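Working notes, structure below.
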Amino acid sequence: MPFLLCYGILFKGYLIVRDVMYSIILKDITKKYGQNTILENISLKAESGRILAITGGNGSGKSTLLKLIMGIEEVSSGEIHYLLNKQEIVDKSFLKNIATVTPELEFYPQLTVQENMELFLGLRDISFNAKIIAECLERFGLKANVLNKFFGELSTGMAQRVKLAVLLASNSEIWLLDEPGSNIDEAGVNLLLKEISNAKKAGKLIILATNDSREVAVADEIFQLK
Amino acid sequence: MKSSSSNKIMQIFQKEIKCALRNKSSFLTCLMFGVTVIACVSFALQGNVLEAKMQASIFWIALFFTFMSCGEGIFADEVKAGTILALRIYGDGQSVLWGKMLYNAVFLSVMAVVLAPLYIMFMDCDINNLFLFALVLIAGAIGVASSGTLVASLSVSANSGKGIFAILMLPVILPVLLLSVLLTSQLMGAGDFEMQYLGAVIFYDVISAVGASVLFDYVW
Amino acid sequence: MKLLNWGIGILTVILIYLVMFVVPPAKGMGEAVRIVFFHVPMAWLAVVAFFMNAYWGAMYLKAKDMRKDYLSGKSAQLGMVFVLLACASGAVFSKLTWGAYWNWDPRQTTILVLILIYGAYLTLRSAINDEQKRARITAVYSLFSCLTVPFLVFIIPRLYFSLHPSPLINSGGSVDMEPVMLMTLLLGVLDATLLYVRLLLGGKNE
């Protein structure tokens, strides 16, 4: 019986790998703002089904590195390659597979949580399905009644959970998380870690910029920024 | 695909409308800015009645600075609130640009149509043809919206604060400003209305909207 | 590059000689006409630099090559200098012949627009720290400001009355200038263009 289960997981893993395989390869990335060098000669690789943790102190460039991968900022030198099933994708369409939760990410405070979700999911061609959304919220410990609250009225911890729920609902294959556990309590972090592991099993590519030892512990690989 | 992209444009547009209606301060600030400029001009003139050309020039200067103060927030507010990241991650450039442009065009047109009667009342202007006057106002507002949306997206990259939007806008919007002053002065009695200049403003609106759309992919 | 330096040097000496000693004073303008040989090449370069600025900007967006951005930015800097020189020399000439420094002539108006565009472009450039972003954003602005040029060319002559001497070739299609003056003027334009190329390519970013 354990043998069968093991085989099943392997088989499932094989299917996912064969379906879609995303990889992001950074080669000798350097980022400067004027004279100020933030990142120097960074090379790394991230792949579907693996969790890459990026650690480093404040100001080590974790957030900048994620922004470079998101295509929000440009590299000063070096190359970023986005691959789908080993084929390089050169246009911006690849970026539409990326979703993120970072401390900088905010939703519209004047809109309710539901309106925010309808907007952002709608921009990704995902229609608002109450049942799926309720499930996504529940997986981060939120009740469906949060949908009718204005985003600006939520506590920071609730807001963080809503951002994570949108990430989950967006069906994105690539998760870029920057300190996702900040502002949420112990129970919330446990739910988050569970979802990260689930996402990994579902074959998502996950990059986790964090210094939280609980989050680092789930990573397959750790990249230390100086 | 076509319907999906127009759908997204409408989503952005509706979002802008909802946010503006729920947070009335931005709308009111803008309106009061316009009222203040017009009141300022009226006080300074101390009741003197100006000739048509001067009236038209001052009207458009007042309107131009009101537009500048309203228009620069279109991206700056998103940056300030931190929502620009969510918009960039989930939205595509063209939907965002056209949605915002559409909202800006409606917003500035409303502003122009609300402020114009106030100016006419204070400055004692005679308008020959109110319908054409409204057309000139709206065509001008759309011109500011179509180029202003792109320029606002550029100005948020600059770290020198707010003033840069007006600096960047003036050379770009100059054709609309000059033509609108001319057309308005004609409607206020300084000569016959020349339709081809209204056509030129509308042509500018179209060209700058298309140009902005082509160039926006490099900004987003 | 050395050859270019020598060429510009020799050409400039010849030009100064021609302008000061050979060209006759023009009717109605007197000795002041000599300013024209400085003014016209500068105005020409201001316009050339404006379009080169946009051209290199477009090339940057296409290739994302920082060298192109350097050329684009440098063109704007040179253009700003040229446009100010053209404006100043024009104002002096205007004062001497028409009695006022500024009279909203269409070409003066156009030059003011150029000053505003260059000013806005250079301000934007100075306000962005991130090199790649600066290159991208300023290129977009430069191209977008180009869109307004056809409108201004169409509008300004209709709104502002002109005293400015007609361009080299007037509406009749004939050249309304003495051959020696025309030759000197063309030589001046050539010299100035070479100077622009030299200054553009001669930076440290080569």
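For clarity, chains are labelled A, B and C in written order, and residue numbers in each chain start from 1.
Throughout what follows, contacts are C-beta pairs under 8 Å (C-beta built on N, C-alpha and C of every residue); 3 or more make two chains touch, one makes a residue touch a chain.
Keep in mind it's a predicted model, so treat the numbers as computed, not measured.
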Middle chain, criterion being Cα centroid separation: B
Selected pair, greater C-beta contact count between A-B and A-C: A-B
Distance between the centres, which are taken as Cα means, of chain C and chain B, whole angstrom: 32
Inter-centroid spacing, chain C versus chain A (mean Cα positions, whole Å): 52
Inter-chain centre distance, chain A versus chain B - centres from mean C-alpha coordinates, in Å: 38
Touching two or more other chains - residues of chain C: 129, 133, 136
Shared-contact residues (touching 2 or more other chains) in chain B: none
Of chain A, residues touching chain C in the complex: 32-34, 73-76
Interface residues, chain B side, partner chain A - complex: 4, 7-8, 11-12, 15, 18-19, 22-23, 81-83, 85-86, 88-92, 95
Partner chain B, residues of chain C touching it in the complex: 61, 113, 116-117, 119-120, 123-124, 126-129, 133, 136-137, 139-141, 143-145, 147-148, 151-152, 154-156, 159
Parts of chain A lying in touch with chain B, wherever the complex brings them together: 70, 72, 96, 98-100, 102, 104-111, 115, 118-125, 170
Chain C partner contacts - residues on chain B that touch it in the complex: 147, 150-151, 154-155, 157-160, 164, 167-168, 170-175, 178-179, 182, 200, 204, 207-208, 211-212, 215, 218-219
